[in-house]
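Next come two complexes built around chain A: one with chain B, the other with chain C.
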Partner chain A sequence: MNIKQGHIDGRQATALLWLAASGKVLLTIPALIVAEGFSASWLIPLGSATIAAAAILPGLALMKRFPGRSLAGAAEEAVGPIAGRAAGLVLAGFLAADAALVLRQFSDAFGSVILPRTPIPVITLVLVLTAVYSAYTGLESIGRLSMFLVPWLLAFFALGYTGRVPDLSFARLMPFWGPGPGNLAVQALKHTGLYSELLTLLILIPYLRKPAVGRAVAFWVIGLTVAVMILIQVSILVTFDVLGTDRLLYPVINLSDLVTLGHLDARVEPLIVLLWIFMAAIKVSVILWTLGTHLAETLRLPQFKPLLPIVAVIALAGSRLPGGIQQTIDLYHVSVTHVGGVPVFALPGLLWLAAVLRGRRAA
Partner chain B sequence: MTSLWKRLRSIFTHPKRDLEAVQFSLGDRDPRQTSAAPPELRKPPDPDGADKGEPIPEDLDKAVERLAAILHYPLSQDLVFREITLPTRPTARARVIYYEGLAESRRVEREIIEPLMRFPLTNKTPKDRLPDVFLESILPSGSSRRAQSMEQLVTGITLGEAAILIETGVACLADVKEPPSRAPEPPITERTTRGPQMAFVESHRTNSAMIRRFVHDPDLVLEGYEVGRRQKTPVALLYISDIANPKLVAEVRQRVRSLDVDGITAIGILEQLIEDHPVSLIPTMLNTERPDRAALHLLQGSVVLLSDGTPRCLIAPVTFSTFLHSTEDVYQRYPYANFLRVVRLLASFVALLAPAIYIATLNYHSEMLPHLLLLTLESARQTIALPLVVSVVIMEVAFELVREAGVRVPAAIAPTIGIVGALLIGDMAVRANFVSPATIIVVAATGLANFAVPDQAASFAIRIGRFIFIALAGVLGFLGIALGFYVLATHLAGLRSFGVPFLAPIGPWRPGSADVILRDPYWRQELRPSFLRPLDLFRLTRRSRAWDPGLESAPSRPESGGQEKTAGDEQERGE
Partner chain C sequence: MLALLLVLAPTAFLVGGCWDLRELDDWAFVSIMGLDKGAQPGWLRLSVLVQQPGSVSGTGGRVVPAFPRLTSEGATLYDAYRRLEELTGDYLTYSHTQVVVIGEELAKEGLQALVDSFRRSRELQHTIIMAVADGVTAEEVLDSARGDIDPFPATYLSHLVAKTQAEYGASSHRCIHTFLLAEAAHGQEIVLPLLRLAQKPASPSPSGSGTGSGGGSAGGKSGGEQAAAGAGTPEQAAPVERRVEATGLALFRGLRLAVKITGEQAMAFNLVCGQFNRGRVVVNGAATGGKDLSLELSHYEREVKLARNGPSIEVKLKVRLKGSAEGASAAGVDLTPQGSGAIKDLVGSKLTEMMSGIITLAQTQVGGDVFDFQLHGRGTFRTWPEWMAYDWDRAFREAKVSVEVKVTEIRPGLATQTQESGP
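Right after this comes the complex of A and B.
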């Protein structure tokens, strides 16, 4: 019954990771998935979720094999200090790329939708400062805040979906298999990076009050995230069709433009954006916390907080590297959505396999 | 260069010390904190209050001389040294020492000097029994006690007691104090229409008696402490021993006893010394002037602190929702109370965000407004030379000035300030094209909403926060407001009040409490707040309405003799 300081419970972890993972639907992900899955694009997140649910098991087994150890520590136990640390740095690199690209996309989205006259770097700076403060207050605060926000965000989704959207047609979901089952399966495999937040789960397992709930948290996060993604994909398809979506950068934001509530016309859109900002802030805060914590553990530093300004600067600088938003989107799609499965699932899986083969386990 | 490198290195290699890890939690006590506390703080308080200070000289003249030196006599003109001769055989000299005004002269005469003069004490009484004879047979006051050190004598005298020194080596203190006090009056800042019309006064003894009038419970414990090296201000810690969590009581006791200050003159200073987050905008202790509110919190499992000289008390722990509650809520019927709470919640949002939303809407997101309204607002702004943000800030500052001036000026001219303020804000500013009428409406509504916030400290936090949100809205519109709100929410989520997360029972979720933002009907509030981890979780059972046949099958408290349900059990399931 004791509350361990700086730790969160399973529900908080689920809320936190779910919000972070669902934050992706605000970006260009839905449009990119439609471009690859056509009318059956809603099946891609479903297939990816199934693969992710199975692929995370070796990672969870690794953490179970070394209870109380961080992911970086478990990697060192499994393959030795040098290879383990190298693996840790690979994961840190992936998290840094994720942080930079997500930051840039959110800044661009907010800039284009609500502050068209404000320079994007200003928005990026404000967003990263907010996330640094949030990450600095610690996992416990972010976890509690996520729990606090979940009902409001659910209310937002309910509000959005009880509104009136013109020109809906469920016929746009046909043909059911879109590009074909085989092609869909390949796309599902390629999109396991949609659940890259499961890497955060592996890193925060030592900070769970009961680490044994890690597997349940993973399945809940996958289940809830896939529900949101399917809902969004279906909504986009029945509203814009495949060809219409192809012309949109942020289809969810465009979707909210069309939602009318009674006689309010489209005037609630900026208010809905408020809730999106919360999701974005949580997403960036979680990435910065994860990156800072993982880097501190990999480098065997006792504290992660002094690293936060450093990782923030890395993310900020990284977000300015792509030449434009289209390049950012392409990079994100390749490095996180497509290749993300490698660091999130394959690398922890290989570490687990190495630990098993070498007979390494916690002393 | 080397020292710079060492300092940089120390940032990263400092022993692991997470800020959260050293915060006190009701659920877990950090062993490092316990070991860091001085050993004497871990001991239970000495019921006699005896300490091993400077001994009282047995020789009367030396004792008097020492006391006079400590109390700066004869420089201190209000200190009285009464010399009397006891009618013993042979006669004995005695001195009664007290501060005139703090101790009541008539009581000194009637309760100390007269009995001493009349009592035929003989030398047959053994010397070591003399103090007991004095305390049991001579001094009628129930609060008389034997003094064992000079420190005790001095503290007693400065608190209004009379010291009695007899040449046989006897030293006693008799409580004859009459500090300046007044009769209880109706509350000023926390008025209710249905509740008791009684507020605390300056005497902490009267205040504790007022609380006992509401809590007729033998388990209501009052621990007394003296805070301050010089001032020795009496502080009382109240709790109900079979409800309040012992860890909470121990934590409050430790914080009060570990204070090393000159003294405290008011409970507001004590609050700043013992609260968890003294630099935060958000208060983490409740400061109330109502004894009935203190009693209600005691019955929930909180602790109450009283300090002599302050007509208010402190309550801890508190959560976010506490500051939206009013005592009125308890006395009103359930639907009315919830309506009032919704109004207050709305008022809090308006007070904090209305000017910021007004600025963000007009400057950045005008598409939110209906066209006609937008045209009206924009046409009114055509003649205003100042930018919207500046005009709002000017009006907010003017409003704050009027409010502050209204508090400071003598009551007789306070209405004048109101009239000047109304003219300044309402009419002249518009005529001078400083602000538009819509700005006046927004600022006035904001000020009005601020008065609806039931707690003064929360109201201050909202007033300051409003200016921050105005700045954010002016620079970044809704993005600024949203990010500011996110930072505020993160800050709230990171706060603790004596081990209780500030956003409990919502974040973290703690089931059971039926009195958070809204409240259930009183008869349905079976459990005390589980986040306080009370020893007795049940406040009432559904059988409290035993006459109601519809509730017969409802689950209820275990029968006496069965396993009592505690907050710990509930918590375990919750996690």
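Right after this comes the complex of A and C.
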């Protein structure tokens, strides 16, 4: 059963998911990856992307097996109504945790770096109101907004890379193997949650004008996201080195503080602030839309919109639960980046396997 | 539409931060920051030159800014900030600071107290130039920081440092970012520009006018006192005052100042560490006919080959340059292709000697890698833990470093006539 809302095309879905997935680089994720991958930390997103590209295939196969069904509906078809609904609620729980922790991180980062005199709960409230409104207007408007923003964001990024940074050296990417090849492979496996937005893709496949493009969208999203992550990770390493990055909370903001445009001494920081605001708004609205839609489908509600205020309050309340920003970061890193691969890839994969073993497919 | 208004209205009201509005005139902008040892053990003495937008006035079409110097002490930098605000009652902001000067005593004692404050500071831009005061306090440098033409001490001082660094060939500026980078990196040492005070003829205006331009009241007083002392005598000696000079580089071991280098040593440093752009060298030998020949060096290329054998390393440094004879110094010197060969060798051997000297100084007196050879060394390791476990400092101190300088071309300068084409 599909709830009532519009559809988007493959390009819009790609732009939307790419921006949502790439938004992480504005948070503390780059510093956390450096702490685990050292000078080879840029290889971790690459390795994780390769694993994610393979791991999403069973989920895509599940959605193909039950065309027109939502992920929640497909889960029920695959393993029965009780287990299927339980699986749906597990995924909703993961999305709620993701929403709360992302909301808190963006608010804290925004508050501590850009608006230090504004109380953080005020920023959280404004962000969540904006995101709820955006999600309320539906997938089409988020998709159109993403498409509109992509060229601007690319231009901002490009402008940043034409700038000047003091004492930059590519030798800081050495030693090449960082923690060692074996450890690097383990880290790549542990970080598949970097691509947790692929769960959103599985949920929005029924809302694609041509659901068959789901696989292409997945690969495009992974490819574009890994390109951004590698670019950012390399930029941070060659600028701050491993031990310098380890002492930063938001390396991309620190990086933008250093970049000056040629001999104009004009900073790219204001552009990064704009980029930050748009990416934060898109990321949070995509998560709220995904959570609202998936929860409505799991609970078999005809509309997802009445759920939006509820999931927003859950996210808002959840975002205040961690004791501080460090606890928020630790929780996010463990529950989304490290363990996120389980609900995003393993659970849909198991559902697909169950459907195959039980011989279930769409009537 | 109503929903949109409900979202936009609180956004505009809440995020704008209008409840604690401060107009531009309420702020005092710190333009230069000086840091010295405090009177109490472990304390910092913070001196700042501030500019208040409201204090800028126009007199006869000329802008006369005032830069009062303020001072406070505190157990930490933030403590000193707070005490300064308590003292002045102004809203001080450091986001427009252009130069941070560190007193020599503090630099010798160690800069541990600054690292965390600099890293965490929301206001201090990491591109701010850092410099060490040579033999004086940072406070004294702030008092004397004023230019003859530029009425703004901060821009004057930052340009002075940048230009003097360029005289020694440096192609990049040392700022808070490079300071923190070197502090955090494994096997890399901190290098900062050096500022000193020299007795120089007093400039007539604007500092001589006593308006407080540059250096504020204290700076004006300093110059004014010296000038007044001279004015009272019947035999009028030319009035002098203390002026800032950028003289060289301060080399640190860990967070403590180890060695100060000036002149040719500073240029040799830049040649070794790969940050050379252009520079000047004077040679004198049989090839120049026993006279001083001034050459501008350019087209710098450096190649570093580093081999690691267990706990020891061997560095082969190859430098290629082109030289251009300067003005009158080249008159009568044979700069033809046949004659310039000997001059190339002379310049090469001089630069080799200079570079070998600074490397020996770094190995013996500094005791740490100030040249960033570690960036080449880490490439010889397979993994990061192996690199971190390696005692790079010891390897650097005991390293065998060979220097080879090749001057590929000596050209006559624009104002030079060679023997062939000359009269």
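Here is the rule we use: the second predicted complex is superposed on the first by the 351 of 363 C-alpha atoms of A that agree within 3 Å, B and C clash if a C-alpha of one lies under 4 Å from a C-alpha of the other, contacts with A are read in each partner's own complex, and residues count from 1 in each chain.
Going forward, a contact is a pair of C-beta atoms (placed from the backbone, for glycine too) under 8 Å apart; a residue touches a chain by one contact, two chains touch by 3 or more.
Everything quoted here is computed from the prediction, not taken from an experiment.
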* Asked: Should A:Met229 be classified as contacting the first partner (chain B), the second (chain C), both, or neither?
  -> neither
* To do: Quick one: classify A:Gly244 as touching chain B (first), chain C (second), both or neither.
  => second
* Partner chain in contact with A:Thr118 - chain B first, chain C second, else both or neither -> both
* Go through the superposed model and pick first if A:Val344 touches only chain B, second if only chain C, both, or neither. => neither
* Does chain B (first) or chain C (second) touch A:Ala40, or do both, or does neither? -> second
* Taking the superposition as given, does A:Phe278 touch the first partner, chain B, the second, chain C, both, or neither? -> first
* Return first, second, both or neither, reflecting whether A:Leu27 touches chain B, chain C, both chains, or no partner chain. => neither
* Return first, second, both or neither, reflecting whether A:Val311 touches chain B, chain C, both chains, or no partner chain. => neither
* Asked: Between chain B (first) and chain C (second), which does A:Pro175 come into contact with in this model arrangement: first, second, both, or neither?
  -> second
* Structure fact -> chain A positions within both the chain B interface and the chain C interface are 115, 118, 122-123, 126, 130, 133
* **Partner chain A, residues of chain B touching it in the complex** => 11-23, 25-28, 30, 364-365, 367-370, 476-483, 485-487, 489-491, 493-494, 501, 503, 506-509, 568, 571-572, 575
* Structure fact -> Given the complex, residues on chain A that touch chain B span 1-6, 9, 11-12, 110, 114-115, 118, 122-123, 126-127, 130, 133-134, 137-138, 140-149, 209-210, 266-271, 273-274, 277-278, 281, 285, 301-303, 306-307
* Contact footprint of chain C on chain A as seen in their complex -> 38-40, 112-113, 115-118, 122-123, 125-126, 129-130, 133, 136, 166-167, 169, 171-172, 174-180, 240-244, 246-248, 254, 257-258, 260
* To do: Over in the complex, which chain C residues touch chain A? Could you list them?
  => 3-4, 6-7, 10-11, 14-15, 17, 20, 119, 122, 125-127, 172-173, 175, 177-178, 180-181, 184-186, 372, 375-376, 378-379, 381-387
